[in-house]
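The first chain written gets the first letter, and so on, giving A, B, C, D and E; residue counts start at 1 in each chain.
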Amino acid sequence: MQRIGVFVCWCGSNIAGTVDVKAVAEALKNEPGVVFSTDYQYMCSQAGQDLIKNAVKEHNLTGIVVCSCSPRMHEATFRKTASAAGLNPYMVEIANIREQCSWVHKEMPLGTQKAIILGKAAVAKVNLNTPLTPGESPVTKRALVIGGGIAGIQTALDIADAGFPVDIVEKKPTIGGKMAQLDKTFPTLDCAACILTPKMVDVAQNENIRIFSYSEVEAVKGFVGNFEVKIKKKARFVDETKCTGCGACIEKCPQKKVPNEFNLGMDTRRAIYIPFAQAVPKVATIDPDYCNMLKNGKCGVCTKFCAAGAIDYKQKDEMIEEKYGAIVVATGFEPISMDKFDEFAYSQSKDVITSLEFERLTNAAGPTAGKLLRPSDGKHPEKIVFVQCVGSRCSACAEKGKEYCSKICCMYTAKHAMLTRDKYPDTEVTVFYIDVRTPGKNFDEFQRRAVEEYGVNYIKGMVGKITPEGDKLKVRGSDLIANKQIKIDADLVVLAAAIEPDKSARPLATMLTASMDTNDFFTEAHPKLRPVESPTAGVFLSGTCQGPKDIPETVSQAGAAASKVIGLLQKDKLVGNPCVASSDQLMCNGCSSCERVCPYGAISYEDKDFPGPNRTTKTRRVAVVNPAVCQGCGACTVACPSGAMDLSGFKNTQIMAEVDAICK
Amino acid sequence: MQMKEYKPLIVAFCCNWCSYAGADLAGNNRLNYPAEVKIIRVPCSCRVNPMFILRAFQRGADGVIICGCHPGDCHYTSGNYYTRRRMATLFSMLDYLGIEKERTRVEWVSAAEGAKFAATMNDFVKTVASLGENKRLEDLRCKR
Amino acid sequence: MENKYLKDEVVRISGVDPKKCMRCGKCTATCPSFDEMEYHPHQFVYMVESGDIEPLLHSESLYKCLSCFACVDRCPRGVEPAKLVEAVKLSVIRQKESNRLKADDIAKYLDSDMPQQAIVSAFRKYSK
Amino acid sequence: MQKITTEQLIEKAAELMNEGKVASVLGWEKGEFGYDVTPGIFGSVDELKAKFVYGDFSAANLSKYLVKKTEMVQGQALVFLKTERKILIFLKPCDSYSFNQLLTEHRFDREKVYAVGVQCDGMVDIEKVKKIAGDGLLSVDTSGNDVVVKTLYNGDMKIAKADVLAERCVNCKSKKHVAYDELLGETGEVIDSNRFDEVERIEKMTPDERFAFWQNELSKCIRCNACRDACPACTCEKCVFDNPKSGVENKSPANSFEEKLFHIIRAYHVAGRCTDCGECSRVCPQNIPLHLLNRKFIKDINEFYGDYQAGAEVGSRAPLVDYTVNDVEPGEVFDRGDENA
Amino acid sequence: MKVSYFPGCTLKNKAKDLDRYTYRTAEVLGVALEEIEEWQCCGGVFSTAKDEIASKLSSVRALKAAYKKGQPLVTVCSGCHNVIKQTNYVMQNDRDFADKVNRYMAEEDAYNGETDVYNYLELLRDVIGFDKIKEKVVNPLTGKKIGAYYGCLLLRPSTVMKMDDPENPRIIEDLISALGAEPVVYANRNECCGGYIALEDPKSAEKRSLDIIRNAKANGAEMIITACPLCKYNLIKNGADIPVVYFTELLAEAFGVKEENDGE
């Protein structure tokens, strides 16, 4: 039996004005378990708290009921008070007789009567309370960042700067991501490489950061603070520790016909390659699909020319296992395929290109050394048409386009148009747009400059059909403001393809038990208040894996994710919320209903032995809740058909006791 | 009529993050609603087991209302979606048993909707009061 | 009232929801009959949505649609403008004595190579 | 009569036993009168020959027994693990749905079971026979499409099987076996049955009529727990009604409300998991149409969230542990109810 | 194999070639075309009006006849194919419409779009296979540069027709390759020739057709093939200075079953 003390607060006249507090204290005196009951003017004041502390000692109280304001206001206060008096803080219950009683009911008898009932409910609940101790789990002080684009780089640098070790896993041979492929960046037009590559070097030189390039996450186990991750380091057939990145092997490699993915297939590279000059790590990689030595054992030229002796044809994939306290997803985006949009003749003409291809075409390190030349014949294009929203805002057909706005296209198209007019003022540049969306600092000014200073021709309307004929692209579009159909014989057409999450994101989400939306973007723990956290504790989101965003937004989100990670890693132990679910394994059927409704992936199953009759042992599948991951919503408790699942602090019996007290 | 004198007993289950806060806001703004409403705090509307509702009716409640965050705003991301399915099917079943459907309700009340909370409770109490005492839930077994 | 009735009629016949239109103009951009039309596909959608259907009823544009479905297939929002054009046209030719093409007229259009398909189709499209 | 005979099943079981594939057989056991067939477990061919029966009264859904029969028990008494041999179960089409549902819920180990699908031509409801033939049944046999009854008071008579077919067979939802290792006879298709007609009839009543209907039915309950014990969805290690921690524990009703509570909670606990096998109503000694509670949930779920048949496939997500963001609101459900009223 | 065959009005009149070569090539491939008994004209063009039922009944009758024989229904003419396929789609997907039709037809067995509808091209690709076609070629059309002209009816609406990618179709190109010739891809191959407007406004049709011919030639086509009598008519009438023939004729030539004195 509990020894319960009841403390009725006047809250000045806030409560006492409508509720007869003395009558409440008196009425509750006779409730089961109550050994002490009193009232006081301000229970939350130091004097009021002292009153509680003294009563705990004097009457050997095991439980406390405070009839006062909302628990959302002072529950934490009174829990601390209990703690200070040597009582478990979870032995405190609050009866909300202010917000729910004195402030909303005008008549004293009614208010008093209701206050008594609310007090009884709280007493009934405390009678069933048990001391709760928050679970503790250690924190592995190392973070994993998946994806080495600008989002991953920024997150890793920020975490490392706070003194924690970070590993970056990047599936490509170098970090840098999409930003490394860009030419200039809006709205300031500084060159992407100039601002990105120093950061890449910082990453390489930071003692706290390890880069696993050409690597992929294979498996994830564990939970917040204690993840165990398997990383596959793919064989690059070059010893990273020996390779100096001198490039002698590349020069001599006889296999010259490999499509260069860094330039989106617009030129070729060798079978042994370094993606671009500022690659980090600057180490060669052999492409096994094209290397003659690996394919049929005939060549070996690179070995001969490698002074460092770094070439190793026998290298195998390597598995690395590491523990992490936090995981940041920064898997980024890809432009969607243009296969399904052949009304724009992408497959029919080399001169219809995507915006990312246009970036490479204008980049000094690109296939044309920065000269804007048509891919088909290397001629300078005199008329260029840009088409926005290709595959974005497309709800008609899910396999074709994306229903969302890709967000970045308006600005980069303005940038492309402006740069073209700047470099080649003789070029006629037309942009077809549905809406120009420029909500960002200096964004609209930028787009207007493209029109007003650089004379880019913006047409409100969409392109309907592109017909390649001779060396021209016959573009048919609409001008909705003039109510005309526009026909342009263009030399080059640039499609602003919608962006979608990287294909690796979906399997990764499954490994992490992190949720995704229908578009395969990772969902946030809360769309407004917790935008960089995944609902799965310990998993954080950085960059476009969460939704389309531009570089400044990505960098700020990357920093925010890093600060969340730092906040987690600086703790020695994670103290959980003790009000979590747990399963009574004797009653658990192992039916998986609870697991299906858990939003956090906190429930797993194990086979457990139970003693049976006649010295036998029965093995059954039972649910296990990880208290470090459970957030205490209680969805599982109702899904559980046998009632094995219960929620500490809000147990079935406790809530029913409250119901009974109210309905008595 | 006698009906008007009758004061029903209402149990309201409120989720901690939205509806309980909405009720607090109603208090802060001194928006009156009948004292017949008694609130039980649960972490999420999805914590409300149908057994609690039936228990309340069993012990003499005249109406039960469940308040949670608006769909899409659940603190736990998806709890109220389960509540919605559970209660839709449960209430339909009670209706099927001939139990007045007006005695049960689900309402989404956000932390900012103090006024909605008070209005909802006023309306619900009025509705339940007009039905009179809850007899059916108690009387289903015994023919009278 | 008249307009509202007509709008409901057109929406019912076509099964099209003009509210889905986001005004990109791709239908008009892709329409092969643009030059022959006074009102263009995007205008059909907009005018039906706003109930301003009267001008369409008297326009030759109704008979210039080829039913080639380019606008239907290429619309990013699944609006199906061609079906709206057809529905507006039907609301005209279904009225008494309003057939666009009459049997007696056929002879003057024919040439010796014209396939039956053309005649049948035109009849289907221009007459009730 | 069933097209597949007792002998065929015994032959199949004997063959599997002799091959050493199966150690025991879960099947139907003869009773005293021919119509009181019960579930039985058979350990040898001789036992099968003596007691096994498959006929118009082999109605019991056996899948539930797999939970206990395939339990991983180690120790002195049972040595189940040591043998490679499986347990043989015969599954009628509707049983196979329960079989799958139990698999979905990880309630038994598929590896330990050899399932033989058996063609079912509909089961006879003895209560319907009694209504026609009156008291004093001496024997009930089936031959062809007739049921031959011998009675003490009313002589012998022939009744058309169609007239005494069990309600769940009249409205059979599926002749398709959704799970088996081997099939005896033919498997059919999912049937567009009229099983919701009765639910609809009740829905169309006024609330007062509905209340009167259920008051009448549920007041018959004696709380014998037969419905729970036969239900293949009720396989909880410990039922909430037996569990002091649940807050609803009771062996017999303390007040008039608790009867209803029991049946509502039971129906709710199996909602979305109930395959509509009809065992609850079959075994009810008071003949309460309990399946109409379950079918109401099934009908609602189908209407609110799209058609769902529990057990149709292993691993499917039950509707009440699933959601979509655009689900119907509980209030809108009532509007629909008004239309029906 | 036996299939039900719907020739349509034009194939029995102005487009006898299309019909004749379909029969001949099908014979080579071992496909027996069983003409639907007492078929009625499909109406030429599909009415998109949801409330038009009568104009779709002839298609339903043909579909139902094939269903009763348990055969797929094969069409050649693009117009018929479009109308019948779209009608079948509404019978499958518009409950209300199908109910009305079934009630009107007042036959015992309702029809709900069960029949598989193939254009002859689809039959060649999906049922027979272009590999098999290749084997049957006796006169490879080596060196011929041929532009496929799809028009609008075969491909759109793509959600219903599901023949090929509506913007980048391959089916006729693959057939051309199988016959040993060289396909010429050009963007306007899926643009409309003007269709039935040729009757009332020949100028409009002329513009449409010229756009197509010009684009095909500019990309190197020396011949255009089509499946549609109306397309063929429009292209030839409006100044095609390269041959425009039915794909079945080309098929017959490659199979060696085309006779020199064939043709009208």
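The working rule: contacts are C-beta pairs under 8 Å (C-beta built on N, C-alpha and C of every residue); 3 or more make two chains touch, one makes a residue touch a chain.
Treat the numbers as computed from the prediction; the structure is a model and nothing was measured.
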Set of chains adjacent to chain B and to chain E: A
Least step count from chain A to chain C, where 1 means the two chains touch: 1
Chain at maximum distance from chain C, centres defined as averaged CA atoms: D
Interface with more contacting C-beta pairs, comparing C-E to A-D: C-E
Chain of greatest Cα-centre distance to chain E: B
Central chain (distance from its CA mean to the mean of all protein CA atoms): A
Averaged-CA centre spacing for the pair chain D and chain C, given as whole angstrom: 58
Separation of chain A from chain B, taking each centre as the mean of its C-alpha atoms, in whole Å: 36
Averaged-CA centre spacing for the pair chain E and chain A, given as whole angstrom: 51
Per-residue overlap in chain E, given as positions that touch at least 2 other chains: 191, 211
Multi-chain contact residues (two or more partners), chain D: 240, 246-247, 320-322
Junction residues of chain C, two or more chains touched: 35, 70
Touching chain combinations (by label order): A-B, A-C, A-D, A-E, B-D, C-E
In the complex with chain B, residue positions of chain D that touch it: 199, 202-203, 205, 207-216, 218-219, 221, 240, 246-248, 253, 255-261, 264-265, 267-268, 271, 293, 296-297, 300-301, 304-305, 319-325, 327-331, 333-334, 337
Chain C to chain E touching residues, read off their complex: 12-15, 32-33, 35-36, 63-64, 66-70, 72-73, 80, 82-83, 86-87, 90, 101, 106, 109-111, 113-126
Complex interface listing, chain A residues touching chain D: 584, 586-593, 596-597, 605, 607, 612-621, 639, 641-644, 646, 652-653, 656
Parts of chain A lying in touch with chain C, wherever the complex brings them together: 343, 389, 393-397, 401, 434, 460-465, 476-480, 483, 485-486
Parts of chain B lying in touch with chain D, wherever the complex brings them together: 50-51, 54-55, 57-58, 71-72, 78, 81-82, 84-101, 104-106, 136-143
